[in-house]
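A single structure is presented below for examination.
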Amino acid sequence: MKSLKTACMAALLTAVLTLPLLGAHLVVNGLSTTLVVNLWPVGIAVLLVFVAQLLDLKARLGAITQALPTVSLSSASFSRHIRLWLAVVLVAALIFPFVASRGAVDVATYALTYVMLGLGLNIVVGFAGLLDLGYVAFYAVGAYSYALLSQYFGLSFWVCLPIGGLFAATFGILLGFPVLRLRGDYLAIVTLGFGEIIRLVLNNWDSLTHGPDGINGIARPTVFGLELNRRASPGGTTLHEFFGIPFDSLYAVIALYLIALLLVILTLFIINRLVRMPVGRAWEALREDEIACRSLGLNPTLIKLSAFALGACFAGLAGAFYASRLGTITPESFTFIESAVVLAIVVLGGMGSQIGVILAALLLTVLPELARSFSEYRMLIFGLVMVLMMIWRPQGLMPATRPRLELPTAEEAHQ
Amino acid sequence: MKSPLLTVSGLQMRFGGLLAVDGIEFQVNPGEIFAIIGPNGAGKTTVFNCVSGFYRPTAGEIRLDARAITGQPGHRIARAGIVRTFQNIRLFRTMTAVENLLVAQHAQLDTNWFSGLFMLPRFRRAERDALERAAYWLEKVGLREYANREAGNLAYGQQRRLEIARCMITQPRLLLLDEPAAGLNPQETHELDLLIRELRDQHDVAVLLIEHDMSLVMEISDRILVMEYGRPIGIGTPAEVRSNPRVIKAYLGEE
Amino acid sequence: MNDLLPVLAQQVINGLSLGSIYALIAIGYTMVYGIIGMINFAHGEIYMIGAYVGVVTITALGAASGAMPLALVLSGALIIAVVVTAAYGWTVERVAYRPLRGSPRLVPLISAIGMSIFLQNYVQLGQGARDISVPPLLPGNLFEIDVEGFPVSLSLTRALIIFATLALMIALTLYISRSRMGRACRACSQDMGMANLLGIDTNRVISFTFVVGAILAAVGGVLIGLSIGKINPFIGFVAGIKAFTAAVLGGIGSIPGAMLGGVLLGLTETFASAFLPTEYKDVVAFGLLVLILLFRPTGLLGTPDVEKV
Amino acid sequence: MKLSRNLLGIAVATALAGVAGQAVAADIRIAVAGPVTGPVAQYGDMQMIGAEMAIEQINAKGGIKGDKLVMVKMDDACEPKQSPTVANQVVNDGIKFVVGHLCSGATKPAAKIYDENDVLMVSPAATNDAITAEGFKMVFRTIGKDSQQGPAAGKFIVSHLKPKALAIIHDKQSYGQGIAEQVRETAMAAGVKPVMFEGISKGDTDFSALITKLKTAGADVIYYGGYHPELGLLLRQAKEQGLQAKWMGPEGVGNKDLNAIAGDAVEGLYVTLPQDFTTEPENAALVKAFKDKGQDPSGPFVLTSYAAVEVIADSIKAVGADPVKVADYMRKHTFKTPIGELGFTASGDLKDFKFVVYEWHKDASKTAVK
């Protein structure tokens, strides 16, 4: 039982903190600004803090989260079943759009986009340990590359997708070069500045990006050449005409979901391979100790640039898909908050842990949609979760575990 | 006399007003164990940092096999064959011991992405070879059963040996050891002595050593450079150095 | 082009007043970074909270007494804003940063970003997302001289900002160089570990740093509320980044540096919007930040720290 | 056949939430989509009270042949990112009629989804031309377009204000910049070339440098395209720096909050607004109904939202609750509403929508300028 004194002190402090901001509500009506005093929230806050201090809740909560089971992916039993688990999840993901409601499929597609962004940022922040706060810039580059290419040159989605990824990767390298020598927090701020500059340029460069109006009428992806719209563009055939079935926009929603799923599977496949390759190990080594890397002959410049480029490439792909799904994009949807949300996903999931990032992405995008009225508190909870995670579980929900490497027996070894 | 492996001539390093190292001259011949000794703050580690490319010397020249490497970036000097350990061990702590040894082989490994992405046989073979070399070196430093343990969780002595193994796996030509015996008990120091001799004899690597443990230095070094306040005060075989009046004065003070 | 002079004079005045606000907030970044080497990402929000508490107090005092003399309302608002915001500064450090002392560099930074998002939405929950307007308490200009037909003026509130910034800066510099706590701060910024060994209660010093930063940000918040007349829960974000740019421009860790950096940034931004289309003002400010960090991360007055191997 | 819950946990839960939303078949649901939260929530409030009043009054008169109208409030916070999710939710819940969305940026992506799913959308506030420029059949609006409001302001400036040096500023948003461009084109067509055409960034608070630039350019008439927060600051800082000029703005600035920020610097501001129908004699009863509920009917989007609901209700009464038939009916007929006789063009815009120039006063009142 912590001493009563500290509990009272804490309660008093809470009162001082919450009285002006929660207790007195500023109301602007016409000419005058008046105060509507409502002490309820202050009372609740003070009571909560008082009780929490009294029962020393903080320490107890900390202990509970510490005890959360960490499923170690590489424990022998789990790895044998990994193939089975992956198959089950994949089948479920494929069946899902055909059974779930249209709203649920749309939310799932939205979530899959964030899974891709999370996996991409996980390379930069999770593996290479470079805190990139301007990640939304590459998302925007991908989206605008597809939008502009499709509008000015009429290129199809499947042609623009790799181009969008390439453009974003180039911007990744452009951003990477100048920040090579910077340490963690300086790097974070420069990337933040870079993200804001990209958004402002997109918003001000009217001749190319139509500024705030953004770009409208972006073509949806085609499925094996079949268009998903109700009316076919000149020379094209639509999905429902091809199959002779009446038009139902559900087909488009399902098709978009499946494309998103395809992109996520592609991302997972590539990243999983990269992590087991020398370049993947180099990323983690860089995160651990850049000086040691240099002393062993690894060139930190190349490692950083490859991390930035790849992270950006996946954001570019997600951006191109986002543009094709929405049909219209404006600079307003590429603000810093997007970067913060994707960072929250990587942090919550567990930096460097792919399964964790996927779970966190699903959680943080589906939960607010489930309770729309609840969505007002979404960002509040994001912020709080980021702080609490760092205090109680910096390693994240599903922390990555080191893969076990079987050593060849002594006889085979030769030198 | 074979041509020297490493030649350092007129080495000077200035930090703002402070002249940390000045007028350092020495050579390390192939297969030789060369030690640098001197009181704390004599500039030993600064010389090390200049040779390994972490500092760009303000004057003087460093040659490897008669090729100048002064001021080249650290990673290029490492690829040229000069690898080092650090006073405070710099292992990749959350990565496993074997992963540390795989990262070290990055320069030699086939880093072709295409073969890696599709796990082509060329890539699988390269990885298997790297794993075998790692197993060999883990065996050599007695850490084989700790292969999958995180480097940060190993005992202090084990971490020291892993760091040395990590250097050796890059097949260096000159190994720089920065106070390897620091913090080791006599038994571990003796094992270290044997390990260094074995590396020099079986893996034709020259060793440049900074060490305070005089018994180890005198016993293992072929030649020794003594430094004080950044300047050389004596160079030669252990016997010559032991009888050099200036060295005795520096170490034992005036009678 | 002799009529360029008054325009330049007016733009310099604009730049000085804008720069003073950045300087007031930049102090918070510089002190915290100087002592525990961490960017207090939530500092912009502390400034926003200062502005809100100021407006709440002004409205309360204004409404309650009606004819309360202006000086009393203003000083009352400043005092209450400073006290409450200092409490926020202390609490943020105690809750979000102290438990993370000594953990890897990314961890406190991410916690700071989380705290910044939390505070923004916490105020939005309490006061709504809409703009709150502040009645012009101090209308009128300190001076309005006519230079060759072009009115050059400085409003009272902006003059107050420049004066307050100068006064606080001098007071703080003296305090840090003269007082016991000041010496402790300087010791901690050199070597936290050693300072701890020598018996300095480093936790108290760190809390003090956050409180001082919060106090200056609160003053900035109240004065901005008065002079600009519009606040909302998001003003802290951009102001925070710009103030950090000022802190880095002047040399992070140096208090006079924060002042110099703030003024320079204010002038750059003002002349950018004077001679370029105004929409590129922010691009120039962010561009400046990226350039400084690339070519002179230690800033104009900062002390370079050699990377020890 | 629903897959077992535990396998697809979250996703299925969403599906069930969707089904549960299905109200009793007889009622006709109308989704009112706009900014319930976010920085321009006060415009969302106007939309909500307008639509709510219309629905209550229609239900009070027995609804439509016995069926009650049900209002479903949807929040998109004026964010282009959220509006498609809201639109999909509307389609998913089987709602056939939408009064909304409010901001141009959020309306564009939603309009495409509604048109493809035969959902009738009537926006009471989005004025950007591009919304009805893509040949949609189900998209209408009960407010004028930028290309109607811009010229009205441009002509007024040239004919009444006769500027020596016209400056045009906008807030780099699709609404503000759209109207500013229209005003520039109208002015240049009439031979008046603006000396300045520049954007400020939304959320900016310090415009002293811009004001000095306006003073240097000797601007005597300044048109601002955007919402009230930034214009309020511009007016206040212009007064501080002694900039003597006549200001003009679109309906986005025309509300009381402008007075709160700018104080008496707002005196003499010209604003183009939909005709203020609250002063019309036949609306007296309606205005009293709002006042009884403590609501202010004079906001620019209150009566347009009311009218939107009324048009939908009248069309359903005529041809039943099939959105496609309602859309065709709306294009062929005119409707008596509190904002006058409304008729729709093929693209869904109002046939003629008069913007009237008002003069704004520091006590937040406004007088029409002849």
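Chains here go by letter, A, B, C and D, matching the order in which they are written, and residues are numbered from 1 within each.
Methods note: a residue touches a chain if its C-beta (ideal position, glycine included) is under 8 Å from a C-beta of that chain, and two chains touch if they have at least 3 such contacts.
Bear in mind that the values here come from a model prediction, so they are computed numbers and not experimental data.
Chain centres here are C-alpha means, and the one lying farthest from subunit C is B. Across all inter-chain contacts, the pair with the most C-beta pairs is A-C. The centroid of the Cα atoms in subunit A and the matching centroid in subunit D are 33 Å apart. Separating the CA-averaged centres of subunit C and subunit D is a span of 37 Å. Mean C-alpha position of subunit A lies 43 Å from that of subunit B.
Here the CA centre of subunit B is 73 Å from the CA centre of subunit D. Multi-chain contact residues of subunit A (touching two or more other chains): 28, 32-33, 200, 203-204, 291, 376.
Across the assembly, subunit B contributes 54, 86 as residues in contact with two or more other chains. Looking at subunit D, residues 37, 172, 199, 201, 257, 260 sit in touch with two or more other chains. Those residues of subunit D that touch subunit C in the shared complex are 37-39, 41-42, 172, 198-201, 203-206, 208-210, 212-213, 215-216, 229, 232-233, 236, 240-242, 257, 260-261, 263. Put simply, subunit A touches subunit C in their complex at residues 13, 16-22, 24-26, 28, 32-35, 41, 125, 129, 131, 133, 178-179, 182-186, 188-190, 192-194, 196-197, 200-201, 203-204, 291, 336-337, 340, 343-344, 347, 351, 376-377, 379-380, 382-387, 389-391, 394.
In the complex of the two chains, the subunit C residues touching subunit A come out as 38-39, 49, 52-53, 55-57, 59-60, 63, 80, 83-84, 87-88, 91, 95-96, 99-100, 103-111, 113-123, 125-128, 130-135, 237, 241, 244-245, 248, 277, 279-280, 282-283, 286-287, 289-290, 293-294, 297, 309. Considering their complex, residues 28-33, 92, 95-96, 99-104, 106-108, 110, 200, 203-204, 206, 211-214, 216-217, 229-230, 249, 252-253, 325-330, 332-333, 362, 366, 369-370, 372, 375-376 of subunit A touch subunit D. For subunit D in complex with subunit A, the touching residues are 1-3, 7-8, 10-15, 17-19, 37, 75, 79-81, 84-85, 88-89, 91-93, 105, 108-109, 112-113, 116-117, 128, 130, 134, 172-174, 176-178, 199, 201, 256-257, 259-260, 363-364.
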